[in-house]
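Pasting the structures here.
Consider the two complexes below, in which chain A is the common component and chain B and chain C are the respective partners.
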Partner chain A sequence: MSAVAAKPQAGGAINPTAMGVGIVLLLILLALAWYISPGVGFMALIGIVIGGILIGFGTHFVPVGGAPAAMGQAPGIATGVAMLAAGAGLAGLFGGAWAAAAGQDLIVVVVSGGIGGGLMMAITCMMVNFVYVFGMGIPAASGKVAKDPITGDTQAEYKSQGTEGHGLPFVSFVGGVIGGILGGAGGTLIYVELLNLYQATLPAVMQITAAQVMPIAVSVAGMFAVGLFLVNAVLTAYNITGTIEGPHDPKFKRWPRSIVASAVASALCGLVAILIVVL
Partner chain B sequence: MEHIVFGIGITALTGALATVAGAAEDTESNIGSQGDPNSQVQLAPQMGFLHRIFNKAVAGEPPAYGLWCALGAGLAWAFMAMQINAVLAIVLGCIIAVFVQGVYATTAYVGRTASLSKFGQPVYVDILKSMTTVTMAHAFIAIFCTVTLCYLINVALGHPFPLPLLGLIWGIALGAAGSATGNPYYGKERQYQNQKFGAGVPISASGNIVRYAEAGERNSIDNGWFTAKIGGSASGICFGLIVFLELWRTVLFEKVSAGWGAIIVGILMILIFTVIDRYIEVWARKNYGPYTVAKEADA
Partner chain C sequence: MSVKVEVIEGGVPHQKIMIAGLVSTLVCLYLTYLNVLTNTEMFSFFGGLAVIAALIWGSHTIKVLCSYGIGTGVPSAGMIAFGSGVMAMLLATKFGVIAGIPAAPIVATILAAVIGFILGYVSNNILNMKIPAMVQALTEMSIVGALTLMGFSALITGGFTFAGLTTSKITVMGMTLLTHQNSFLGGCLIAVAFLLGAIAIQHPFNATLGPGWKQDRMLMLTAECGFLSMLAAAIMSFAFISIGSAVIALVIAVIGWLYTYQQYMVLSKRDAAAWLDSKPIPDVEGH
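Showing the complex of A and B:
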């Protein structure tokens, strides 16, 4: 059996003990944040954990086929999970940060970031199918389901011989857009929470005015947001083990494990981001 | 009004820069086999197919371009802080970033190819000398265009992120868009030109990449020439659309309904691309038809 044909087996199992340990770790980190900075720091960490969970969950939706997709051997987008999710999420973060600078309220900023990520994925997924269909003459076909769960299109007869499928069936396209939206929103939420924290605390720490602190706060919050995005996207990539077709893929069921991991990792990284200003 | 017209002009310019950047990025990565098809370039000697294809894939395109664009943008930003003219600062920053790319390409090719020595794959010094400079030239165009569009976004459109951070973000997005769109065309259509058109490469054919050209052995410049026609231009359109539409919806509709205007326009654009994608999918199913009869599918 080739690597492409290999089906997820033991990798998909959920380990309750590990999940329990993860949740306990998360609670300890949250308690630590509450102890150190019960007000603004703790609230920022809650936002960061929610943002990290959104990124981790959203990455499961992104249809990524890796190297086999580049040869038309498997469906999905021919690149890495973490890379594509980061590309979409950071495009969303870009839009969200812009909306935050314009002084919009939190919901508008986060939704704006989400739409930025979703738009990036919509354009990318459309262009992927464009190249498959008009550049290579290959129709889209899923290897994991007999029928597209959204459109009901049958898949098996459109799979060329000796492959697992190719291109992006409609359900994968929708999955990509949802993944981009969740990733963009999560990244933006982390950025906004950190920005608010730094704007509130940095003037006192650095003995400068609020206007002077703005560029520093934006830069540091932006860097931490990018870093936290990559942490969560890479963690999820390990959970997916390389490739996933989208929400209809059996590997998608592994998301609870990833959410716990993302929450713990985000809490730990977020705590570091908070400690640099509150200690 | 004047502000909006200025914003639209800058948006159009950044869109054009992004299109050039996307096309150059994909062509550069195809010449260097940096995308996912590198797996086949690496696999071929192990299957007994020795070749003269360049292979510098020790990092994916998004992190590599994130590094180079952040480096170019950071250096340009530092030069500007030294009161050097912005155009000159961007060019100088990108030149230094491209030298880093050149070092990366050289060490990556030598390292990856040397690891195949047990399969008899030689490290060709002439390939190293001729391909590295070509990838550097394409990388310069991609990095320069990306850093310039980041500079315009920062200075002319007033995005709050500093230039190096914008370079990192748009560098990663550039690599993601370029590898997603361009890789299948290079991997399936060029590396496996000997396989049937209009079908995926059978898994059993893995590693049997095309190694000969019209005259002599095929090299990576031939691959860049081939993929620039569709893979490169499609990647350019992809990245150009991403940058242009993201800026366009913000510049024009940010002020409408306290930010909801830009969101609604974004949702509408997502829906439009969804309809286009579905049309393409249905068009392919109707015009190309199934490979096998549907009865087999039910079984």
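Showing the complex of A and C:
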């Protein structure tokens, strides 16, 4: 079979056996966390898994165009899933970390993280449309739906022949902002859970005071949050296989697979992060 | 997509590169223990050599994986390698000497292999990627990420124990103080090491892929990127290790970078259809 004749096999199908294995794996990892650290460690891992799921689910909303979008042949922002998700998540992480440093409680911190991520995506989406409309001279049109699900505008008249649509239609813009909010909130949740865990346990592990442990706790928690974010974002990129237009894209229906995958990956990496202070 | 778009024509087989990469990385990492034996910091540069060996192996693994057209861009592979590797590396630094042998590099390898294997299973089966090389590639890349970060921490601070990475000594008016803020982890230099490695691992295949791909040219570019990262890390190491030791690492990085850059230019000229030495702005003569 030549490369040209090859059909993408990574379709929307769900592999029930693998999903079952994934859920069993998740339960085993949670049980391990419960066994080694029943109190603070287990609760932190629950938070990390929820954060990972938020990242995985949120990334599906983001309009990712990849290389075709850069040439105006597909709708979306002209870069890869991993880069966009990392950008939104890290912007959110900065917002959330700032709120955490100001001593706010968990809800405020996570919401600020979400706002940071959503704001970053809103700015990105707007500037991308500026470049598309005024720089490249192309209108925004979706190739996947006949009418914009939110505004009801018809798309076909604006779509150039031979393309899958171009620019950033309104529904993609809204999807991008929702994705940024979910991703930023998820990344911040992971960071805050790890920060609280390290602040509570590292002084005893390292035999130093709480003030001395602060830079190490912030740095290690931040590094793990970034690592977990990248793992979840890349796994979601594998789920989408390249490009997606936003919540109206048929590929959006693949999210159940991504939730299980993100939960397993976050539980695994989170367990390693917890082991650092337990061992 | 499960059809390989490109095939490796000629060149060293991947298996050989993998074994050579793993062995030479581990040997270089263990050579940094000479610091402990001789009570100096002169052998920190072996950490940088470990980084380059690991990166060469890793960039070839990325080539094997991304030849299947995963549709997400080559950089994502570098990101997942280091995202999963940093976990294994940080946990491994907690392991000191087991049964008389320093265990951290071995523990990092095993731990990263386990994490990478599970991530490979998740992406291949749960996410239905169905790429034959997926599980092995993600396992290898997780190990590469962990060992690269370990090499960077050895290069910058002279070792990779958790205590060593979280504390450093500063001298204030003749007094030696123990500080946590100015350490590899406390100052979050690991974030810089993370991206120095992640960019160096994903760039070579991203830059050389295509019909004219040649294995030796890509690997030479990897070595060049590795030495460039080592150069930046060697400059950072002035803050942690003695000036003499840092200069040794810096000199090795500069020499290695100049040599690999020059070799890469030779290989690029060899593979190019034509080569024209032009000036940035052409001279306009008498008109």
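Definition applied: the second predicted complex is superposed on the first by the 269 of 279 C-alpha atoms of A that agree within 3 Å, B and C clash if a C-alpha of one lies under 4 Å from a C-alpha of the other, contacts with A are read in each partner's own complex, and residues count from 1 in each chain.
The definition used in the following text is that a residue touches a chain if its C-beta (ideal position, glycine included) is under 8 Å from a C-beta of that chain, and two chains touch if they have at least 3 such contacts.
Computed from a predicted structure; not experimentally measured.
**Student:** For the overlay on chain A, clash or fit between chain B and chain C?
**Tutor:** Taken together on chain A, chain C would clash with chain B, as the superposition shows.
**Student:** Touch check for A:197: first (chain B), second (chain C), both, or neither?
**Tutor:** neither
**Student:** Residues of chain A touched by chain B versus by chain C: which partner has the larger set?
**Tutor:** B
**Student:** Thinking of the overlay built on chain A, is A:33 touched by chain B (first), by chain C (second), by both, or by neither?
**Tutor:** So A:33 meets neither chain B nor chain C here.
**Student:** Determine, under the contact definition given at the top, whether A:66 touches first (chain B), second (chain C), both, or neither.
**Tutor:** The answer is both, since A:66 touches chain B and chain C.
**Student:** Tell me which partner A:86 touches in the superposition: chain B (first), chain C (second), both or neither.
**Tutor:** both
**Student:** Which holds for A:260: it touches chain B only (first), chain C only (second), both, or neither?
**Tutor:** The second partner, chain C, only.
**Student:** Which partner does A:125 reach: the first (chain B), the second (chain C), both, or neither?
**Tutor:** After superposition on chain A, A:125 lies in contact with chain B alone.
**Student:** Please work out whether A:226 is in contact with chain B alone, chain C alone, both, or neither, and reply first, second, both or neither.
**Tutor:** Touch partners of A:226: chain B and chain C.
**Student:** Contacts for A:53 in the overlay, against chain B (first) and chain C (second): which applies, first, second, both or neither?
**Tutor:** In the superposition, A:53 touches no partner, neither chain B nor chain C.
**Student:** First (chain B), second (chain C), both or neither: which does A:115 touch?
**Tutor:** first
**Student:** Between 42-50, 96-104, 114-122 or 204-212, which chain C stretch has C-alpha clashes with chain B?
**Tutor:** After superposing on chain A, the clashing stretch of chain C is 204-212.
**Student:** If I apply the document's touch criterion, which positions on chain A are contacted by chain B in one structure and by chain C in the other?
**Tutor:** Residues 2, 66, 80, 83, 86, 215, 218-219, 222-223, 226, which sit in both footprints.
**Student:** Would you mind writing out the residues of chain B in touch with chain A in their complex?
**Tutor:** 35-40, 60-63, 158-162, 165-166, 168-170, 172-173, 175-177, 179-189, 191-192, 196-206, 230-231, 234-235, 237-238, 241-242, 245-246, 249-250, 254, 258-260, 262-263, 266-267, 269-270, 273-274, 276-278, 280-281, 283-285, 288, 290-294, 296-298
**Student:** Which residues of chain C touch chain A in their complex?
**Tutor:** 1-5, 69-73, 75-77, 79-80, 82-84, 86-88, 90-91, 94, 111, 115, 118-119, 121-123, 125-130, 162-163, 166, 180-181, 183, 185-188, 190-191, 194
**Student:** Applying the document's contact rule, which stretches of chain A touch chain B when the two form their complex?
**Tutor:** Touching chain B: residues 2, 4-5, 66-73, 77-80, 83-84, 86-88, 90-91, 93-95, 97-102, 104-105, 108-109, 111-112, 115-116, 118-120, 122-140, 146, 151, 153-170, 173-174, 177, 215, 218-219, 222-223, 226 of chain A.
**Student:** Quick one: in the complex, what on chain A touches chain C?
**Tutor:** Answer in residue numbers: 1-3, 6-11, 13-15, 17-19, 21-22, 25, 66, 80-83, 86, 206, 208, 212-213, 215-216, 218-220, 222-224, 226-231, 233-235, 237-243, 257-258, 260-261, 264-265, 268-269, 272-273, 275-276, 279.
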